[in-house]
Each structure stands twice: as C-alpha cells, then as structure tokens.
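Next come two complexes, and both contain subunit A; in the first it sits with subunit B, in the second with subunit C.
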Partner chain A sequence: MNAPTLIPDFVNRKSFIELDARARAQSLFDESTSKELVGPFDRIESPWLAKQGIAPQSDDGCIVIKGKIGGLSAVAIAFEGAFQGGSVGEVSGAKMTAALDLATEDSEAGKPTAAILLLETGGVRLQEANLGLAAVAEIISSALALRPHAPVITIVAGTVGCFGGMSLVAGLSSYTIMTREARLGLNGPEVIEQESGIDEFDASDRALIWAIHGGEQRVGMGLADVLVEDDAGKIAAAVRDCVHKGVPEKHRSEQVELYRARIAALDTSSQIDLATLRRQWADPQGGVR
Partner chain B sequence: MEKIEFNYPEAKRLITKRAHVGVVGSGDMEVLLEPNREEGAQVFITTSVNGFGDAWKAVFDRFFSKFDGAVRIDINDAGATPGSVLLRLEQAVEVIEQ
Partner chain C sequence: MNEQIGLRGRAWFKALTGSDTPNGGDPNSVLATTATIENQQSLFLCVVPDKSSRFPCVRDGQVGLEEAFTLATHVRTAIAEDRDKPREAKRPIIAIVDVKSQAYGRREETAGIFFAAAVAADAYASARMAGHPVISLIAGQAFSGGFLTHGYQANRILAFDDAGIVIHAMHKDAAARITRRPVAELEKLGHEIAPMSYDVRDYAKLGLLFKLLHADDPQHPTSNEVAEVRNSIQQAIADSRKGKLDLSNRWESDAAITMRKGTLAVRAALEAQWFNE
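On to the complex of A and B.
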C-alpha cells in the first residue's frame, strides 16, 4: 500500500521545552564553540539549603556557558526550572551577576559579548530570602550595565515561566523571546489570587492565565518581541537574529512616558478585552521596535 | 535530610572520564560520577528523604555487581525511586563509556 506519509512537523521537531537548562543553553551555540563556566564538578552549592533539610544541586540550578552564536561572542545563563522552581539564591544569583559583569568587561574592551538569559523561574528563593533579593538587585544592575554595549536577550520557553524579581530582568532586556506555552508576569496567578481574592484572579482558570501571562498575548501587546514555536532549531535561529541585530535604539524599559500614557488611557470602568488591548498596544512605536 | 556513604573496594577498573546527569527535581536526582582518588569506589548520597538507607544499599549492591569502575559517585536526591536511581546511574555509565 502506498499511503501518503502524514507525519506532522511536530513529530520530528526537537522540543526545546523538554530539554534541561544545560541542554537548552548548549543548543544555542555554534558547534563546538561552547564551554561551561563554574560547572557541577566545581561544586559551588548553596550553603543554606542543607541547613533547612533540602538537597542542594552541584550547580545551584544556574548554568553558565560561553561561546559563539552566529560567529559572535556570547554567554548564556540558564536557570533550571526543575530545581527549586528555578529560584534565585545567593550562589545562582552570584553566578549570573559575575557572568554579566564579565560580558560587560569584554564588551568594554572591544569584544561585544551578548548575554542570553534562559529564565524558568519563580523569582527569589524563599529559603535564602534577603540574599536572593540582593541577588536580583545585583543582576538588574549588571544587566543594565551590559545592555548599552551588547544585547541582553531573554528566553522564556516554559513550562515554569518567568515571575517575580526575574520578570523585571526580562522586562529590561533588549529582546524577549517566548513560546506560546511560556508565561511572563510580575506576580504569578496563585500569588494574585492569594493576595486579592478569587474575584480578582482565578488561578485555576488556565485559559485566563495564558490570556494574560501567555507568550502569544505578551508578544501581541509588545511586551515581548518574538513568538517562537517550541523547536530548538527555531529558538536558536531567533537568538542568532537578536544577537546580530545588536543593541536596540531604545530599550522598552526606557520608554517610560509612552507606557505611562498608555496605562493612564486604559478604561477600567469595564473589564478590558484582551484582543482590544492587543490592538491598542501593539502599534509600531510601541514596545516592538 | 540524610547523608549516606558506601564503599566498594572491589571496584578497581581505571576510569578516566566523568559524567553529570539528572536534576534535583521532585522524584529525580543528580549524579556526579568521576574517577576516584582513593582505592576502589565510593558513594556519597545527600537525600531529602530520610530512612531509606537499606533501599539505597540494595540499589548500589546491584549496580556494583555489574559495574567495576573505581569511581567516586556523588548524588543529590529529591526523592527518586529505586528504579529511577538505577536508570540515572546507567545513564552516567553510558556517558563515561561512550
């Protein structure tokens, strides 16, 4: 029998979401140009987790890999969402800050080094409280120092998403790449429900969550830049594009007046319709450059 | 949290490579496998689940009944089942022997 082969593309694609953080980071680099810095065998673990009866991880859930992307110098910093929800602790935060600072140093010395942040994280690691908060502040200041010299590119692929303090880091990056499965927001659905009640946000309503935090809506509103399929090849291509584009003329987070005016213009007397919001916000001089 | 150690002095074959597999996520664990600086093989386990020393012993007795490399194995565990533990160990061996 000569039945036509009807194998849809997604059967053969290499999923990015199914990779762990290390494999995700490695998949972005040109072949055999990448090397890991402060890897698991260096055993820089969190000193705080064991004291609270929690098994640590030998890389503290933060993977730093340096190499070339599209022939240009780059460093990828990936958070492992499966370990403590990808949370930022003292060690993982210090690794990220140090990697960003080294990229800035190299960039200032005439070798622009882009940073790619793979964020699958709920934000600060609650077990490391103030140290995690301090780490987020340091990461933000280091990312701001790098972005005039080389692009800071955030990827939120899923399925953890990017929330809390680290969503601020995504917000000030030069480009943000998302999949439809990914979510990005300051407060996660559970947090909003817990703080403001189920009338404000029903955290069990998945359609609502993705309509607000999901990649399609975020890119549609111009709060993220590129919507990509869950495909390692396509995501790597999107990252190469962003690296080659270089530093944007104006970062989204520099457009304070524009966003202030937009928020002031919102009509909150009735429930805002998501499709309308997308139409209103995604104009050419909006977040999308 | 519990720390467990085992020694397998009979495992003497020289190993030159090292492997890191797995994630310390719920029901999973990470394995760091590398050439041992001491004689024989040594296993160091940090697990967030207490009271399963005998189960760990049984898994490693079985593992070292087939594997004879002089390795140091470090494990950070977040509640992997014995089956998952063996699979992760076999995956690590695959990495060093490919």
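On to the complex of A and C.
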C-alpha cells in the first residue's frame, strides 16, 4: 500500500469552517470574477459601539462580494462570526439589505443576480438593539423582494450557528445549505433555559442541542435542503447547483397550509420525538398521516 | 409595565372591531376579523394570551407555532381574495401588536419556530408588496421575534406614547445579563443611545414610526380616543396607498436622516461601487 491511500480524504480537504467570512465568501466564486464592495478601506463602522467602549471593526463584520458563480451573476453577503458573534448591527444589517436591493434591481433589469447569505450569527447586536431589529425586518423584506427573480441561498456552516432574527431569513430562503456542525433555530439553548427553565431545555446537553438544531435534523425534516461536509470545494459545488436550479416553483415559506396541518397534528402533551418528526416531515409534498 | 401582556391588544381589537372572539378552527390566541375603517373593509389581526394553549410556552402571550401559521393563513386568504383588484381596492390589514416575545420552548425549536416565524413575516410582506396597506398598531409590547413575526413588515407603524409601550430586541433583565451590565447602567445608556432605549419616545427618534398616539388609559379607551386612533389608522392607510411597496420610508424619513447616518452611508457607498465596474 502506498502512502497517499493511507491518508483519508478529510485530512486533505480544505475546511470551510476554518476560513474567515471574507475567505468563505471568496471561495464560492468563479476564479478571478469576484470583487469586494464597501470593504474595510471604506471604513464604514458602527457609529454606536465606540460610545459603549467597544472597538468597532472597519467592515462591521459584514463582507459583500460580487461576481460570477457557475457563470451567473451573484452576490455573497457574509457575517463574520468572530466579530461580536456575527451580530446584526445598523451597518452590517444595512450592507445586507442594500446588497439584496441592488441584486433585485439588476434582476429586474434582466440580469438575474442570486444572493448567497453566509449566516454565522446569534441575531441582533444588543448594543444597537432597536436598529439591529429594524435591520432584520428590512433584510427579510429585501430577501423576499429578490426571491421571485433569483434564488436566495443561505449557508449555515460554522459552530456559531444561525439564531435569532436571522433564522427567519434562513426560513424564507430558496435553499438552505448546512453542515452537520451547524445549528439553525430561533432561540439558542441558553436563552430557553433562562426563560423557561432547565426542565424545558438543558443547555449543557450538547447531544440534545445538535439533535434539535443540527444540520442533519434540519435537512432530514425538510426545513433545510442540502447537507454538506465541511469542505470548501463541496460547499462551493452545492452553491453552484442551487444557483443553476434557479427560483423554485413554490418557496417553502409560502406553503402555509401544509405546515399548519403538520403543526396541528403534533402531540404536544410531552416533548416531540425527533426521529418521528423527521420521518413524518421528510416528504416535502407529504400530507399529514 | 407590570400590566398583563395582551390586555391592551385585546382591548384595542375589541374597540376597533366590536368583537374579541377567536374564529372556529383557530387557536384561542389569535383574533382575526373583518371590520371597517372609513368604509374600507379591513382585516384585523391580534395575538392574545391563551392560558389553556396546548403549547405551554405561549400561554403568557408569546408568539408560537400555531399563532404564526394562523396569522399567515388569514393574511394569505386576504391576498388571494383581492388578487385581481387594483391596488386602491386591496383591503387594509391591521396588525394590533401586544406581544411579550416569541415562544421560548423546546417543542417550538424542535418543530422549527424559526420557519413558522418566517412564514408569517413572508405573508405580511407579500401582502404589502401586493399593494395591501399593512398597518401595525403597537398597543403594548413589541419584542424581538414576536414583533418580527407579527407586525414588523408593515408599511406604516403606529404606537401609543406611554410607559406601557416597549419596543425592543430583548427584555431588560436578559439584555443586562448578556451584555454584562447592571440594569441601571442599561437604562442610563438607553437615554444616551437611542437604539438601546426602552422608551417609545426614543424609539420614535429612529424614524421607524409613522406617528405616536395617545390614550390616557390605553387599556380602557374612551370613545373619543377610539375615534382619534381610527383617524390615525386611516391616515396611515392613505399614506401607504400612495407610497412605495418596500420599507424604504423607514430609512428615508426625516428622523432617519439624523439617526441612521450609518445606514444611509452604506447604501450610498454600495450603490456607487455596485454599478462601477
């Protein structure tokens, strides 16, 4: 046996999670087609953090890159989980809204432009509270305005996960791509334990957390679409697939009746069994049995 | 502040529509009915506490799975029924907001409350983009994911101006814990930094509101106060009908020009660089 075959693939893969937000976004584009917009040298920082003794960052933790993916126009907007937990502030939120609006403008003018949202975020930045919450409402609106023209693709890859208001943006996306390590939910475990008690949710139970919020369960139950390994090449390929598929016939978040019936069919007398739920919801067209 | 959540919402729903009973087939936590505002048939929606909800974590007026899907159903029905009408004939949708928060529960997370909330926000935004005037009347509390689910996609937002109104991303105690600050310091910061404030008058400075309203006792409005509020809703409807279908009024308002300089700077810079290739 020669040496290379002893080394499993995952050793040689290029991890996506280990990249920072800028490198993650760049890795999705066709070679030498991408360009960062309103980058750190434009120095548009949060006007609110310094007043509270917190060092701002000159890109406010949000990176916008425009270019081609699989030959088609696209813009990637990435939150940097390492800056303030990837939180949505006035500036980072406005970057995402504005990029979505410009993608819509181009799409309406006959140049469909997909948006790829890299969400590593705990939600609203509490130091900018109400402007963060307002920004999330605006992002939701602008993502919905783009969605009929070009796909909105969310990637949740890293261990920060996607929580809080931005989880709604994942919920209305055309496609959501997740790794096993990633989590997606409205409320994080600590918040639930704090608000509703340890009997409701034990935030130290990591197996439970990933069983509920983890990528495998979310894709398995049909609330996310593609489960990928933490491999930059595979994630880029998954994104290209979604860009090429284009706008789905009907978006998941428009299927009110199907999911209302599924909620009505839940037995809420005790906690919901995760495997059963996954089995029952797995069929995207499936009725409630 | 220690009033029970949802009482104001229910009081205003009743005052404006004459009813406060849930529809058959809906959970008791959602009120939905058609009533008139200045001769226009309008859809009114409100989330109220239901002490006997089969989901334990919504019983104090939180917005959970059933609430989100029920709201979305009513909004989508209105969109479908008015599909072929011209913009000026699309019925107004009035969201009366008095919500403590989203539901913090394991059942909710398991069954994807993030998605349920997205479904409701999608429905409201779709109504707005289809040309329905969508008006939020904040009668009590409007917190976080609860507000994103029910009310924050409106064309125009109205709120009362008293201490019982709280519009915020997080409850004071929790925000203090997470940002590692005493509550007193958080309150002081709120007076200096408008987006941090728990006072609706500071919220009004951000440029997100159409108008502040007043009632001496918002839980027991007088007939004059109800008439005033109706009049303000009518103004908001008229203003929506002639405005854009997106949310740009929120960052183009006079107040936003002073308070949201960061937003406006980003939008201008990104637009300039986007087209400069």
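The rule is simple: the second predicted complex is superposed on the first by the 277 of 289 C-alpha atoms of A that agree within 3 Å, B and C clash if a C-alpha of one lies under 4 Å from a C-alpha of the other, contacts with A are read in each partner's own complex, and residues count from 1 in each chain.
Assume contacts are C-beta pairs under 8 Å (C-beta built on N, C-alpha and C of every residue); 3 or more make two chains touch, one makes a residue touch a chain.
Only a predicted model underlies this, so the values are computations on that prediction, with no experimental measurement involved.
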Original post:
Do subunit B and subunit C fit side by side on subunit A after the overlay, or clash?
Top reply: fit
**OP:** Look at the residues of subunit A and decide whether subunit B or subunit C touches more of them.
**Re:** C
**OP:** State whether A:Val219 touches subunit B only (first), subunit C only (second), both chains, or neither.
**Re:** neither
**OP:** Figure out whether A:Ala74 sits in contact with subunit B (first) or subunit C (second), or with both, or with neither.
**Re:** neither
Original post:
Just subunit B (first), just subunit C (second), both, or neither: which does A:Pro40 touch?
Top reply: first
**OP:** Report for A:Arg252: first if it touches subunit B alone, second if subunit C alone, otherwise both or neither.
**Re:** second
Subject >> Touching partner for A:Gln57 - first (subunit B), second (subunit C), both, neither >> reply: first
Original post:
subunit B to subunit C: minimum CA distance in the overlay, Å?
Top reply: 15
Original post:
Touching subunit A in the complex: which residues of subunit B?
Top reply: 1, 18, 20, 23-26, 28-30, 32, 34, 46-48, 74, 76-78
Subject >> Complex interface listing, subunit C residues touching subunit A >> reply: 54-57, 65-66, 69-70, 72-73, 76, 101-102, 104-119, 121-123, 125-126, 128-129, 144-145, 147-149, 152-153, 167-170, 174-175, 177-179, 189, 192-197, 203, 206, 208, 246-247, 250-251, 260-263, 265-267, 269-271, 273-274, 277
Subject >> Interfacial residue positions of subunit A with respect to subunit B in the complex >> reply: 20, 39-41, 50, 53-58, 61, 80, 82-84
**OP:** Report the residues of subunit A in contact with subunit C in the complex, numbered from low to high.
**Re:** 35, 37-38, 42, 44, 46-48, 51-52, 64, 66, 90-91, 93-95, 97-99, 101-102, 123-124, 126-138, 140-142, 144-145, 164-165, 167-172, 184-187, 191-192, 194-196, 200-201, 212-213, 218, 221, 223, 251-257, 259-260, 262-264, 266, 268-269, 271-272, 274, 277
